[in-house]
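You will see subunit A twice below: alongside subunit B first, and alongside subunit C after that.
Showing the complex of A and B:
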């Protein structure tokens, strides 16, 4: 038994690598879904109870309570679900932008250099600055933040997809398809899209952690969501006032929870990438 | 019908010219063999004849007319490596039907098993894939076939079998074939006439 690698021993020894990857994705997705749905069902206007304000973590309030006596665990979950929602919106919009631009780049040389120029332009502006500007221009709030994050995060995916589409376009099967009399649109839809679909999917999921992090930071800086929406960024920036008074739990647990959610999305993205990798498709 | 190449010159870069004033004529009821050394420019010529390369000087005509670039191209090239000419994310059925839907008898003639149709390209061998390539190329609209070393991955017996079936089909449907190879024995067996690449290339 000892010559088996570690991942083929113990509890999950009967599963193969593919099943294990699927299991990881399913469990992680379930956890995120539970956070998201339970957060959605929580009413944002939590009852305030000043008799239990500023309590450190206990079994009754595992994340402690804030200066208005609100339970920090419930606020954190609510904040996380808000972050996840913004992350979903932003990453879907940014991958749509990336896909469209990548296909536009494949039309002709002029379009290609235009898209490359656009990529360079957006890549040269610091993300956080761009997000702040777009967010303010669109009137802050959830909509502003989603748009801001979406319009600053399409760059990397576009670069990857553009290269991928270029490579597929020079392949022999695309050249042959043209000789069979198929149109460019048909080739884009039938040949190229199925080949880049997995890239788009993984790209969307890998934008997610960035989107959540940037949403929190821009909210923390005061350019994002408004204070009555209990996003993680708001919670963190409010806790700054009380941190000096020793209320460490106000920042520690929400921050940790945010980190965990980001990591969960990263795990899903990485596992999906492994699953979709064509060289390992038959494992 | 007659496929003619008139005074074709081509170079990938300025330093080295590949083709110079190359002329060639293939009649649709004959099988012409073209023999040349590796790297002499045979495949480049094939790509020009089948419309894959366009920045050459000279002209390729079909019965005296230029071949329109839109729609199904009547000169079909069969590549040396079939696995590169198939989308790895397509089932073989879709790969085959991209050109046309060959009847069952024709699939049987070329030894195409029905169970292959539900497979992915990377699950079949080179010889099996090449049968698909050939079947794709003999679309009813095809007038000429350029066969660029299509049987190098097959053993001698299978080579002859596949060539025999392709030639029978071509003769019956009045399709001309230009067989390109560096294997003199093979061309000797299958061709009506053999041309030597270096002799007609004016370099």
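Showing the complex of A and C:
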């Protein structure tokens, strides 16, 4: 008994590593889904009650209340769900862009250098700057923020996928298919896509934390949403004013919640990677 | 492994010492008793073009103390006009010619003499640039010996107010692009240094002709609200203007001073129907919900203003039903009360607004009573007003969506949706800006598009009466306008300052606080008192 590692003892001792990974993914996924759905059901214009403003955490308001007497727990959940929504939109769009660009790069030398140039171009502009420019150009609001985050996060994934596609392209079975006269499209569809699918999937999930962090930075800086709308960044920037008055709960809980959500996505991503990529299964 | 722990411990100790130093130290920076460190300019904002009265320095809805320059007249604590550069002034019977005699013993800080020509130049330039005082009725200003003659296009008895609005700059060598950085004036102080984005430093003008101020040197910091409050807590400043949110805090060594202002907040309610009309700058005019007088009346009588003030202003303000602060000579009693939710619902029902689909929002001919209220997202009190009004309005069945943004976001909606505005001038001419149909939907004037010929006639009449006699006419004009409920006025906002216990800012001699006003008006009476605290 005692020579078993800690994770093979106790409640989950009957599960093998694969089942445990699946369980982790399912539980974190469920938690995020609950946050997302409950947040979606909250009206963005939260009720204000000036008689209970600036109250520290209590059993009634476990995250405390803000300067307009709004419950910070509800605001935080709403903000997180907005973050998750922006994260979903942004990571899906980023992965689509990344996939398309990776395949475009594989067409010929010219396309490849064009895509590399594009990657270098976008990677050389600071993310925040890019996000702010795109979000202003697209008329601010949640839409502007989603698009801005989406159009700035495809870079890393594209780089990975491009390398992957290049590598597969040089393999013998692809060369064989080429000699058999298969079209480039057929090769892309039948040989390359199935192999990079897991990369795309994991990549999509790993964009999430970045997207959420950047969304909150942008809203923190005041781009995008109205200041009465609950986004984590807005909540945090608003709390700055009241920290000097000792209202620590306005920043602490939303910040912690943001951190936890980002970590949860990271856990899902890592575990999925283990499932899909056998070479890492023993890590 | 162990080095890791050692590094960690060292970092932790440094952090603790650092935090401790900030928390415990906080020793106020040493400065001489006759040097003042403040953080108070109007709304804490830095003048974009520097200290140039031609670009509006020293003017906030009505004249405020420009410190560096002199004005023709000033206001005293009772809001009477007193001479500054003027020794005497004459107003013609038709209120079209104002003749001011300028004192001849005043020098600019560069040593040159201030003459009537400089005064005329300043007014003509200010009119041309049109960024500060409203000189629309002035035709020209002309120097005549030691006199300046202002000729007006029309009869305007309020023009005397404008004589407080423009700081006088020297004609010789004036350049509207560089003057703001190196202002030369004749006021009680001269600019010693301006670190853009950080602070400006003023030094006493030794040649000042008027009452000599006590403080030799004034350093004014530009700080964000939270930084300003932190500066107070650290004892870094003698006086700081703080947001209302901080007004209930207590800081050792400081006390809170608050002053009633005439700076009023209200939400404009477009009075026209949306018929596809647009203003000259192509902004849609009118709104089919607020275009119905019943909606505007219901909001005005249904909202609880005191609750709004207690919440949004932390209690530091006074209720206003009509946008005219009670200190002003043309103030009047409101004809209606508020917080009457039932009566408001009755007004709506009588006008045909009923909740037919049971969603709590009334409809008329299929149009739900819904509109947006825009607010400047930098101003927390405006945000609170928009959000709280939207909530209160739901009780009477009106759906208001608050929208925050910059003025660039607000401008395309300023004539077709509600906007949270700030107003407040000691010059009754403001009523013309707010309600005159001839300036409707021009810039920020009469953004609600009020078109009431009786109001226009009263304004014209008031302009041709002696100023003191005209106040009652101005009052009637405002009353007539208010009977259309063009605004949902909320209240005046107090100006709150944390003042060091060893500083006396002479509470009894403050001049009136207009919209965006500042505290410098009675700087001549400020002094350091013996430190009373241990």
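Convention: the second predicted complex is superposed on the first by the 277 of 283 C-alpha atoms of A that agree within 3 Å, B and C clash if a C-alpha of one lies under 4 Å from a C-alpha of the other, contacts with A are read in each partner's own complex, and residues count from 1 in each chain.
Here is the rule we use: contacts are C-beta pairs under 8 Å (C-beta built on N, C-alpha and C of every residue); 3 or more make two chains touch, one makes a residue touch a chain.
Everything quoted here is computed from the prediction, not taken from an experiment.
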| item | value |
| --- | --- |
| Partner, of subunit C and subunit B, that touches more residues belonging to subunit A | C |
| Touched partner set for A:182, first subunit B, second subunit C, both or neither | first |
| Partner chain(s) touched by A:48 [first = subunit B, second = subunit C, both, neither] | second |
| Which superposed partner A:73 touches (first subunit B, second subunit C, both, neither) | neither |
| Contacts of A:242 with subunit B and subunit C, given as first, second, both or neither | second |
| Which of subunit B and subunit C A:173 touches, first, second, both or neither | first |
| Touched partner set for A:252, first subunit B, second subunit C, both or neither | neither |
| Partner chain(s) touched by A:227 [first = subunit B, second = subunit C, both, neither] | second |
| Residues on subunit A engaged by subunit C in the complex (per definition of touch) | 45, 47-48, 50, 53, 67-69, 140, 222, 226-229, 240-245 |
| Subunit B contact footprint on subunit A (complex, rising order) | 171-173, 175-177, 179-182, 191, 194-195, 278, 282 |
| Footprint of subunit A on subunit C - complex, ascending | 225-226, 229-230, 233, 243, 245-246, 249, 307, 310-312, 377, 380, 383-384, 386-388, 390-391, 401-405, 409 |
| Residues of subunit B defined as touching subunit A within the complex | 50-52, 70-73, 76-77, 79, 81, 84-90, 98-99, 122, 136, 139 |
